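What follows are several structures.
In what follows, chain A forms one complex with chain B and a second complex with chain C.
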Partner chain A sequence: MSAEPSDGASPDVRAAVLEVLQTFNKTDVILKHGTRFTEDLNFDSLLVMEFIAALEDRLDISVPLNVLPDIETVGQLVVAATEIVREEHG
Partner chain B sequence: MADLFDRFGSLRARRDSLVGDGGHDPFQVEMDEVLSQTEAMICGRHTILAGTNNYLGLTFAPESLKAAHDALDAEGTGTTGSRVANGTYSGHKALEYALSDFLGKDHAIVFSTGYLANLSILSTLVGPDDYILMDADCHASIYDGVRMGDAQIIRFKHNDAADLDKRLARLSKKPGNKLIVIEGIYSMLGDKAPLAEIVAVKKKYEDVYLLSDEAHSLGVLGRYGRGLPEEVGLEDDVDFIVGTFSKSIGTVGGFCVSSHPQFDLLRLACRPYIFTASLPPSVVASAKASLALVESGGALRKRLMRNAEHLHKGLVDIGFILGGDISPVVAVVAPDAETGVSFWRGLMDGGVYVNLALPPATPQNFTLLRCSLCAAHTIEQIDRIIEVFADVADSLGMLPAESGKKAALG
Partner chain C sequence: MSSPTPTDNINLSKRLADFPTLPDALDYAAQGETGFNFYSSRGDLEHVLPFAKLSARAKAAALNLVGGGVVPGDRVALLAETAPAFLVAFFACQYAGAIPVPMPTPVAFGRRDAYVDQIRNQITSSGSRMVITPEGFLPFVEDATNGLDLLLIGTLNDLTALPKGDSLKSGGPDDLCYLQYSSGSTRFPKGVAVSHTNLMVNCAAMNKAVGNASGERAVSWLPFYHDMGLVGFMLGCLTSQTTVDYLSTEDFARRPLTWLRLISDNKGTMSYGPSFGYELCSRRFASSSATAPDLDLSSWRVAGIGGEMIKPLVMRGFDDVFRPCGFSNRSFNASYGLAECVLGVSFSTPGTGMILDHISKQELGDNHRAIPVEDDGSGVGRTFVACGRIIAGHTVEIRDEYGRAMAEREIGRVFFDGPSVMRGYYGDQEATDACIHDGWLDTGDLGYFIGDELVIVGRSKDMMIVNGRNYWPQDIEWTVERMEGMRSGDAAAFTLEQDDGGEKPTILVQCRPSAADVRDAIAAEVRARVQDQVGLACDVILVPPRTLPKTSSGKLARGKAKASFLTGDLQPLAPSA
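Entry: the complex of A and B
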């Protein structure tokens, strides 16, 4: 990912999100900060759940279902996951 | 021009591709005539019902029919009102006393369905500073209930107490109550919760409560039919039990019981309790009569388990791979939705009705041919079910010709 906005997101979390997401990405879309789960990656609600469960395992966190409706893009997920990692492991 | 229903485009496409060929639609089944707890006429064919959740077969119990008839004649066809207005009759209160007495809790609230019981409790009991830790395989009514509320919603891996433990540990620094939500028997695959392990995890932390939805285990498990907590001797460790009258109780309605001293306050807080009409007197009366039959229904439970074992063994013997727990829910996994529909139609042509369950309502995106057994099934009926399963699997090329080898299913 290039030219990231300075959103305070952790580079480790960003790398983890991209790594897990790539295993779920069945499209040719190259993952970027602004990549949208539904429109660009064709994620449906089932796939979102599976992906989030895998990410929870990878980062050893719990992502509350409540945060999901506000997350449309990869970048937004990285920011949210960073916050959870800091809360739960900080 | 945009049409209001355009947003259902992908749903329509999926429906059309699965069942749009004019063949029998698994989601539009019409019972022309109900012959008994286990048989009906469907499309002019005499059909064995093996997917009704009518576990104890109480829908035609003489005591329950009589109680319903008497209440119908005495009190009319409906209450035309909410529980908090004109919709609480002495029968509703009597049913609540019977439930709390039966389940050994101090308080009980009756709701108009089990779905509304879950919406009520899960949306109301916990607030924005609290956490719900729910098993990922929980029923849609639990998902909908937690989404209606304000608590933080965390899912743990299905039946994985260690995963629950990890998630509770990460929350232990945070204030707020935690509510664990599980089911006694999971509705789709029929597997039981590891209640002892979950209770052990619960006890490690403070401010943690446990709710179990006993929809499919009430009347089925335990010597007196009080569900999984009775079976494993942990009734005092389950703080809230939710249940339904639409399965072993054989009618419609839902409830929640608890010994929390302030439980009754929920009557003034749960919107799906307040803003809907109460159950009709006849339904309440038959639920109460059937509840008594559940408690004394040891013989029915034995027959039900015998039937469950017979179907389970019969399907495994012909090569189906089934889940581990033998329970009155027996689910066969089909490789994909298209095969699931063909399989279901084959069963219907052979005179056997089961539920077809498709993702996302199923765990692990399975397509399931979900059977549920009834104490009233005869061994002959179950043998017929097994035979039709074998024939259909054979015609779809899903079972190996030689016996002993495992099927390509599951």
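Entry: the complex of A and C
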């Protein structure tokens, strides 16, 4: 994850997302900021929800459904999850 | 926190959908204590909506619909989240004589544009005058309605802030009750139009078929924008004053075992799902650290299976895992239905479990006959699950390609006749005429009878069902044809049936370039584009130019393309090294 944009994402959240995501990654794609869930990782809607559940458990957050359509890459998810963590845990 | 609504009413006798209209059914249910309960993904009770409260809130909001300019017969689109607000808006439409149009919520990463397109197509196809949505989805709805002239785009709170009208005029038995868009592609949507009489007849027949009586309690995670969720576990339960405990579909997908937890805690007796819902539970339990699930599923009398081809091995797997919790495989209840018949067409007799029929693949393919063979693991046979007997007051006929009725164990198209047949596809006489002839609905499915048990072997119409979601080949082909270098008629999408009852989505694509690396890039690009636009991972198979068969009118002959591919008459381009 080199040359990351300064998007205000928390390094802890980034590490947690990557850790959980790696357990769901059935491809040999190396996870990067710009890795796309559907095109690169072949995530279908069932796998998305399973992954979200695992991420919610890991970060103790609740991810609302309406954030999903605007998230296409790992980096976007890290930013969104960071915001949720800040909202829910201060 | 308050407690959930009770399983039985104290002083109100159970009536099974014998009402003239849906508002009459809710007025009756409102005299009792039963109703709808909403749970979180962790199984905590979040909202309680007794039918009495639903009726009162819906009547109040109905006056706002009238005050906002909605007149009887107007369509009102509703984003169908599993929450009280959707139900209040749905029944406000009923009391105001308006026609609610449930629309889907987004479920996947990305694909914002595809989702916005989908709901825009449903809003314009139905000619909806208002769109009611939860606040969180408002940005999508605003994009989807850009440039449309609507009376209101907003939340239920925005609706109830409108001035109140003077009076309500709900629909009569022959008026339309709702539109259902689970049938039809996203690009070319078809709204199933159902009257109050259609609905009541089907709900009454379904409730009798599954033996709904005092002491019955339903549990559901099925979405309200799908017929099994909307009719089976909302309207069918409301018209029989049956309490339902809801878990939202997305919460079920996150934590499927919460479904079983609700059945266990609330002593649920009736709950349905497609095969993959059961599979998700066994899979999630297997990946959890628990050794024995701490559940009591002995109350679960009707474990319904429907909505896609039933996979016997998946059901056996579920039974193996959850039998120690008191689950009985005699509770499995295979059924068959479609939105064009409101919902239910056939149901197994409760308490009998699944009836399997193992038949010769060769006879199935060559002679359209269902000839039983020994299930010896040799692969010469395929197992099908009998979907029960036809609901009372209705008839199913199996017909050959010339429209002649066929005998027992002969495989043909399934035709359905009776008062549940929809009024038609909304505003689409051509599509309606294409599937209803002399009152008989051509279901588009293929099946046969064993005695009075209906067995479904596949669909002759084109819909693809993968993990319980419907996909339309037209949408996939349209996506491919719009890619650079592609033309209309260059793609044919269908599913290939697998021996386990599953289906593999496949696209044949005509490819002009001959260089291997260019071909590989095209195949990869098609796959990625379809995944992005349609949300489905497909096998992409390249075929030579001008090999996909066409009909006499020049349209793609999709069924023939699939058949030619299976027989080897249509050869794929040799794969690159």
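The criterion applied here is as follows: the second predicted complex is superposed on the first by the 90 of 90 C-alpha atoms of A that agree within 3 Å, B and C clash if a C-alpha of one lies under 4 Å from a C-alpha of the other, contacts with A are read in each partner's own complex, and residues count from 1 in each chain.
Assume a residue touches a chain if its C-beta (ideal position, glycine included) is under 8 Å from a C-beta of that chain, and two chains touch if they have at least 3 such contacts.
Because the structure is predicted, anything quoted here is derived from the model rather than measured.
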Contact-wise, after the overlay, does A:Phe37 reach chain B, chain C, both or neither (first, second, both, neither)?
second
Partner contacting more residues of chain A (chain B vs chain C)
C
Scan A:Leu46 for contacts with chain B and chain C and give back first, second, both or neither.
both
So, does A:Val17 touch the first partner chain B, the second partner chain C, both, or neither?
neither
Quick check on the superposed pair: does A:Glu88 touch chain B, chain C, both, or neither? Answer first, second, both or neither.
first
Please work out whether A:Asn66 is in contact with chain B alone, chain C alone, both, or neither, and reply first, second, both or neither.
both
Can you list the residues of chain A that touch chain B in one structure and chain C in the other?
45-46, 49, 53, 64-66
Interface with chain B, chain A side, in the complex: residues 45-46, 49, 53, 60-66, 88-89
Residue ranges of chain C touching chain A (in the complex, touch as defined):
41, 105-112, 115, 136-137, 139-140, 250, 253-255, 276, 280, 284, 467, 469, 528, 531-532, 535-537
Please give the residue numbers of chain A that touch chain C in the complex, ascending.
36-39, 42-46, 48-50, 52-53, 56, 64-66, 68-72, 77
In their complex, what parts of chain B are in touch with chain A?
131, 136, 146-147, 152-155, 157, 166-167, 170-171, 359-360, 365
